[in-house]
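My questions all concern the structure below.
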Amino acid sequence: METVLAFVIGGLFAAGLYMMLRRSLVKLLIGFGLLSNAVNLLIFTAAQLIRARSPIIPEGEVALRGPYADPLPQALILTAIVISFSVTAFAVGLAYRAYGAIGTDNLDKIGETEIS
Amino acid sequence: MILFLLNIGLALIWAILTGLFSPANLAAGFILGYFVLRAARRIMKPSQYFNTLPNFFEFAGYFIWELILANLRLAYDVLTPRHRMRPRVLALPLDTKTDGETTLLATLISLTPGTLSLDVSADRSMLYVHAMYASDPDAVRRAIKKGLEKRVIDLIRGTERS
Amino acid sequence: MKDFWLILPIAVPMTAAILALLAYRSRAGQRLISVIGASILLLADIILLAQVLRHGILASQMGNWPAPYGITLVVDEFSAIMLLLTGLIGFAVVLYSLINIDAARESHGYHSLFHFLLMGVSGSFLTGDLFNLYVWFEVMLVASFVLMALGGERAQMAGAIKYVTLNLISSILFLTALGILYGLAGTLNMADLGSKFAEIAATQPIGVMRTLATLFIIAFGIKAATFPLFFWLPASYHTPPVAVSALFAGLLTKVGVYALIRVFTLIFVHDTGYTHTLILIIAGLTMITGVLGAVSQNEFRRILSFHIISQIGYEIMGLGLFSPLALAASIYFIAHHITAKTNLFLVSGAVQRLHHTLDLRVLGGMYRARADLAMLFLIPAMSLAGLPPLSGFFAKLGLVQAGLLQKQYLIVIVALAVSLLTLLSMAKIWNEAFWKDKEGSPDPTSHGAVSLRSYIVPIGLLAGITLAIGFAAGPIFALAQRAADQLANPSMYIGIVLHKG
Amino acid sequence: MLAPALVRWRPAAAGYLIAALPAGLAIYFARLLSVTPFGGQVASFAWAPSLGLTFSCNADGLSLFFAVLISGIGALVAFYSAGYLAGHPHLGRFYGWLLMFMAAMLGVAFSDNLLLLYVFWELTSISSYMLIGFDHEDKAARASALQALLVTVLGGSALLAGAVMLGIAGGTMEISALVSRREQLQSSPLFVPALLLVLLGAFTKSAQFPFHFWLPNAMVAPAPVSAYLHSAAMVKAGVFLLARTSPALGGNETWTCVLVAVGLATLLIGGYMALFQTDLKLLLAYSTVSALGLLTTLIGLGTPKALEAAAVFLLAHALYKGALFLVAGAVDHGTGMRDIRQLGGLLRAMPKTAAAAAMAALSMAGVIPLLGGIAKEMVYEVSLGFGPWIAAAVVVGGIFFFYAAASAVFGPFWSNTGNSGPSIPPARIHEAPFRMWSSALVLSGSSLVLGLLPQKAAAPLAGPAASAAAGAPSSLELALWHGMNPALVLSLVTILSGAGLYAARGHVRRMACKLAIPWGPDAAYRSLLQILNAIASGLTLVLQSGSLRYYLIIILLTMAGLAGIPLIGQGGLHWPSQDIDARPSELGIAVLILLAAVIAIRARSLLGAVAALGAVGYSVAMIYLMYGAPDLAMTQFLIESLTVILFVLAFYRFPQFEDVGSRPARLGNAVVALLGGGLITALVLLAAGIQFHHPISDYFAHEAVPRGHGRNLVNIILVDFRALDTLGETTVLGIAGIGVYALIKLKKK
Amino acid sequence: MTSLILHTATRLLMPLLLMFSLFLLVRGHNQPGGGFTAGLVASAAWAIYALAYDAATARKAIHIEPRVLIGIGLIAILFSGFTGLLFHQPFLAGQWGHLKLGETARLEIGTPLLFDFGVYLTVIGVVLTIIFTLEEE
Amino acid sequence: MGEVLSTALLAIGAAFSLIASIGVLRFPDLFIRMHCSTKSATLGVSFIMLGAAVNFGDLISFTKALAAILFILVTAPVGTHVLARAAYYAGVPLWKGTLSDEMKGRPD
Amino acid sequence: MLKGIISGMLTIAVILAFFRLARGPSLPDRAVALDLIATIVIGLIGAYAVNANEPLFLDLAVVLALIAFLATVAFARFIEKGGFPWEKS
């Protein structure tokens, strides 16, 4: 499955990057969303996939025995998910506001202000 | 009083969900429920759903059966190449009084064979329904009025009386 | 007690930010909270540095979970210096913000965001965990995103979009690198990584480790604005209010530099012939492109923005040279640059206040009208150009010595040439904004009517520090050398984090 | 520092007070010089010891000689300025920079540490920048100031690098210590490059060819600045550096060849350029360049005699050229013009100035009994010892000096009217005020006094300097009359040819103008700046193009290149050896993810793209679920849906996607995107191929119940083991909330 | 929206959803859930309310300014961190006690739970701030 | 026995779900598709939940499954109603085979 | 085996719904498709809970149902507000 996921992740990366390279601000955000998913999946995969029990200790036991999924990458991904959600939420607000201020979703039309 | 009952109901749900029926856990559920209700008080208009909770479950069970029947017919239509439906948008005059009754009726109409609630008129006297197999519109109207609407009114008002 | 001091640089700005948020109805209250918070932070950072100087490297295991299982906060001298600079810049810019930031921005959460930013920066300097570093990066970034965009119209929005997008890419790459690294090493504690990495590197094909190192270089390189990853900076830094630019100029890229230095002195030190040479090449190209960008500009703040890039080149040049002297010079350079560059931005704000523009073609007559401001510009400007006896000279001198000692002549030539070009563009600002007469200028004395007193205080404070860093170059460089020695010999750091702390 | 305040407080007296300070210093240094003829370090404290920078002073003959010159002439110039700039609104600033300059020059003179010397060296550059640009409303003044700054700091940078290399080669930055390690130093492979760099520094400062061009351009500065910085003091700093370092660095072929070649070239080119100058100050400036060339030559020759001659000539030149610049200032002040073709007959109107001018000019022309005459004799004598070519060059230089002296003084003061063009109405000509002519007179009078009393006055000044430069004590014997010798013959030749040249000045100028080369270092400087600006603008336009897409592409290509090359080149590409162990439903989800990604790309409608993103998120959540991460899945479901709602909430009024760009552009982007994706795939294959055991998680599994008081490891990691992450993460979330609120609510009315 | 059916259903669903969110919060330490998920569920409930009626009505119903909720949440987090220092332990060191609930059952209470509660409040505050803000545009 | 029942319930549920999908893909207009998604999918999921509850066989799982079913039964028709209503007013066309429209021309 | 088929059927159902999502033509069509996908995913989770023998996963079902409802209400709201003008077929 790691092999399959490697290609899924790569595909998601490529799709996300391609979306970010379009002219539309909204597509850029969607591209970022794809990338975020890809990265989280990457952490998940790189840290080793175990088709096994969730890392939850059953009632009446004091420790997990036998194979279980590594909880640490899960916690990391949770953090990353929340962070990328925050960033996305902010970016959505920014795009909305920018659309109001600039009047276009087209990234090519907002870029001429850099060289004095 | 209604709120109190609702609160007890929430405490029970709490106990069910946590799967621990100790007095302390029930008390905890009650306290939590109290705060939830407090928070929600402004949006709750006095209504009677929760004192009919057990009947509601029974009622729902009955309609699941109806749902299965409805689906078999639909499945046949889906899986055969020809469309055999005769759709109409119908207006259905309402006898329900409260918002609760109307809502329940509309919901059930959507879940039962061949009908789907679209809207309630502004004066709440009319329910608009999309019917799949309505070669005879009045037959559909009659079926709903005699069947579902009556059951809903009986269920809610009947329970209220007892 | 150390547990208490170690958390303060995070907790103080966080508290200030929350209180400012809760005081959303009272602008005066927010201002008060902001100033008090920044003062306490500065104080705490000073005490922390003193503690580190007295007791050596300090570590605190968050949640009382031993490393590498929990997250460790670590302060060595390098971190302590960076923290102190953060406190200092925070304090100066808060004072400056009181006059430079308009009421609308203030009442829409400026001060709260400001302190969240400081929190993120401080956290980045404190943490001993690589993933936690990512989190602090994001705290800092999101706060900076908002500050960058807040209240802006067309130009500011355009800048903010680029800023946000390119920094997001950096975060993605950082996270990617982290994921791979965790997959390889199974740990995220930097000290733990440092102690295990030799072994891991030995078992892996060299290409794997190089690719991983390169990913970190690129991810941090974007944050630090190195060649060819710096685009977000000149695209955006001239758009927000000056106080915001000044804060960003002082702190943000430095966090990237810090991360590069930390990771490439603690973890990736087994293939320096490749990694650090790559860094050195990037340093040189960064200096050149940055300074050429500055030369090409005609707007005060844009020139300064491009100079940030070229100065970043110097800062990582020391890392690329990778000797204790070079690292010390880098650290000294960072201290110098943070102070001087922030101050230059502050000066630009005062100029903007007077003229309502920063276009050098329009500006003029400042030397005649505001000699005080002119002198306060000269100090950081000449320092930036590396002229003695100001701080920039010693920074440059250290790097030149280190480069010559290691026979890296090319980078030394680049460093000196870039310094000359820096002088050229500083002199250009001076010639145009200060010396030249303003065309069709109204009576220059009318400038006197606009009081700059509140601007002068923070500007003067930072100018004083620039002078002090230069005149006290001996002890300060010695401090930088101690910090560099700790970086160059990470065993103590590793030992304290993993066993004692 | 206090000067501006002083000027504001008591404008009239300020000039006297400010002049008193350097005057006092001059007397002090002169006394010191008589006490310490051949000194050593007198004071030293550490500044930045780890960088090799110590504050160490060396008060030997050379430094004291310079110190006397600097402070003595400085006093006169300060006094003069009070008249020249009387009533100027920024006189205070002027004094501030002037005094700073003087202090820096004294610092240069006394530094024993190479880096310390560099510190003061650059300080002179900055103060000179400020002084040249004193009339900063004038565009030319600003440009010239910048030019002088850039050229001298360029040299300064070279000096810095050279100094550090010398320090590395010799193990110390102290000049006195380097002298004692001369052998070690000069045998180091670093020596020759270091030497060349130091020389470069000296040459730019002392306006040696081809770096001389900044000096004439600096003539936009006020006259006292020209007199002080550009004849007496600053430009001598380079010569001083040569003299100071000659014991350590001199005495080898490189030193001699470079110095003599550059010196002679400068001598001749400067003199030649002086031929066709019509501006009084420019004429003087080129002759200064020429004189500096002579000094460099002499130091390059390096014999004790040569050094003695250099010291005496330096003294003489400082006195007469300083005086002449002051005179030029007075002329400018009195007539309002500086064109020597138009000036004439000023003797009557400005007799006191004329007296000063005459003495200075005679000294410059090399006429005995002025000090310039003595100096010239010594120079000729020395040059004769080095063969006919050098002697000839030096004599030609002398002829140019004579010509320049005559043009600068004889024409304006003695000839009846201007040679050509309209003359100024005599009524408007007036004598310079007391403070100006007196300063000039004292300075040029010194030439006479020292020339008349060579052994008593000049030798004690220049002698110790020469010995210090030679690195060995020597006794300087100066006399007015050496009897008939080859040098005297050469002197006569000089005077006669000079006079002839002056008589034919009309022809000479025309000839010289015809021969004048339209390009030179000055033009080179300007085109260099232009090229630099063009490169900078071009490069920046290309790099900082303003297109976000372009930035992204560069970053991605950088990543793919830098990270991909080692992966391919040095091993790391890894093909999974194990079987692809995936269940059908997992494969289905994998297909679904890719399918959704393709739909997201191809979607024409915003909603389609957003929904596809949601589908990707849901599918990823399913993968989490399948591999034992229910918390992750739950969060991902919630977040993904909320994200979709946010998108819809914000963008439902947005227009439909515009056209997607040209086909080649899309293809290019796709290639870039695929490169990035390919790299990531390779990385994941590699990381997943390494089965790493995770001991950290076992710790969590064992500590969760007893110390974490919970059973859900993920949650315990989040709120306890790594709670700091969560603290930060929650903060990020909070900031985003505040941010969206602030961003949208805050709008310009 | 003006749909009678939706309004009525929302009023019914709200307490259920809030209850469910508290349930997720409390058991998150032992089972899937936790402050973040719970907070999202609670905010989803309020979001439905805001969509069914409008943001102003929802604001009125929730009583408290969502931004203040963010502040309170973060303070709870910070406070739970500082209790460790009070006991001469590092920041965020968990402090635990328990409430006896009858004979066998006992409820363990500790600062990490307060921490999680802080996360819960913050999430609600943030999501509501964003949704209300965008909805009011 | 439990396992057989559970699997049967799951299979029925899956079948209904698949049918719902096919219907939504095949049916000619929005409103008719909605019949499918409301009824078939809801029923399908309810069966699956029941099957899961039977499979685990404990009280907690059963409660959870019932809670999920209840929740879906409440939300699905309400959601459909809101969407259908909005769609109708937004002018989404009815299938050409629709016999009559008594809602047409209503003011609100 | 049978369990695999069940999951497979559900996955196919999701993919089919996906086609409707992509095809539209109207915004409500897409919304219906999305709602359907969410509902089927609930089923998928139930099936997977049985496969993996993880009763914990059932909690997810409730969460998802809630979310699906939220999304539907949101879409309806925007359709009503006249959003996505170009989405009307």
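For reference, chains read A, B, C, D, E, F and G in written order, and residue numbers begin at 1 within each chain.
Criterion: contacts are C-beta pairs under 8 Å (C-beta built on N, C-alpha and C of every residue); 3 or more make two chains touch, one makes a residue touch a chain.
Worth saying up front: this structure is predicted, and the values here are computed from it rather than measured.
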Chain pair with more C-beta contacts, A-E versus D-G: D-G
Distance from chain E to chain C - Cα centre to Cα centre, in angstrom: 37
Distance from chain F to chain C - Cα centre to Cα centre, in angstrom: 57
Gap in Å, rounded to a whole number, between the CA centres of chain F and chain B: 15
Averaged-CA centre spacing for the pair chain D and chain C, given as whole angstrom: 26
Contacts with two or more other chains, residues of chain B listed in rising order: 17, 106-107, 117, 119
Per-residue overlap in chain F, given as positions that touch at least 2 other chains: 22, 34, 42, 60, 64, 67, 71, 74-76, 78, 80-82, 84-86, 108
Interface hub residues of chain C, defined as touching at least two other chains: 14, 21, 62-63, 73, 131, 135, 138, 142, 145-146, 149, 153, 161-162, 165, 169, 176, 179-180, 183, 234-235, 296-297
Interchain pairs in contact, sorted by label: A-C, A-D, A-E, A-G, B-E, B-F, C-D, C-E, D-E, D-G, E-F, E-G, F-G
Interfacial residue positions of chain A with respect to chain G in the complex: 53-54, 56
In the complex, chain G residues that touch chain E: 56, 59-60, 62-63, 66-67, 69-70, 73-74, 76-77, 80
In the complex with chain D, residue positions of chain G that touch it: 4, 7-8, 11-12, 14-15, 18, 21-22, 24, 27, 30, 33-34, 37-38, 41, 44-45, 48, 52, 54, 56-57, 59-60, 63-64, 67-68, 70-71, 74-75, 78, 81, 83-84, 86-87
Residues of chain F that touch chain B when the two form their complex: 16, 19, 22-23, 26-29, 31-32, 34-36, 38-40, 42-43, 46, 59-60, 63-64, 67, 70, 73-74, 76-78, 80-81, 84-85, 88, 94-95, 97-104, 106, 108
Sites on chain D touched by chain A in the complex: 540-541, 544-549, 552-553, 556, 576, 578, 580-582, 586-587, 590, 593-594, 597-598, 600-601, 606, 609-610, 612-613, 616-617, 620, 623-624, 626-632, 635-636, 639, 642-643, 646-647, 650-651, 654-655, 657-658, 660-661, 669-670, 672-674, 676-685, 687-689, 691-692, 694, 696-697, 700-702, 704-706, 711-714, 717-718, 721-722, 725-726, 729-730, 732-733, 735-737, 739-740, 743-744, 747
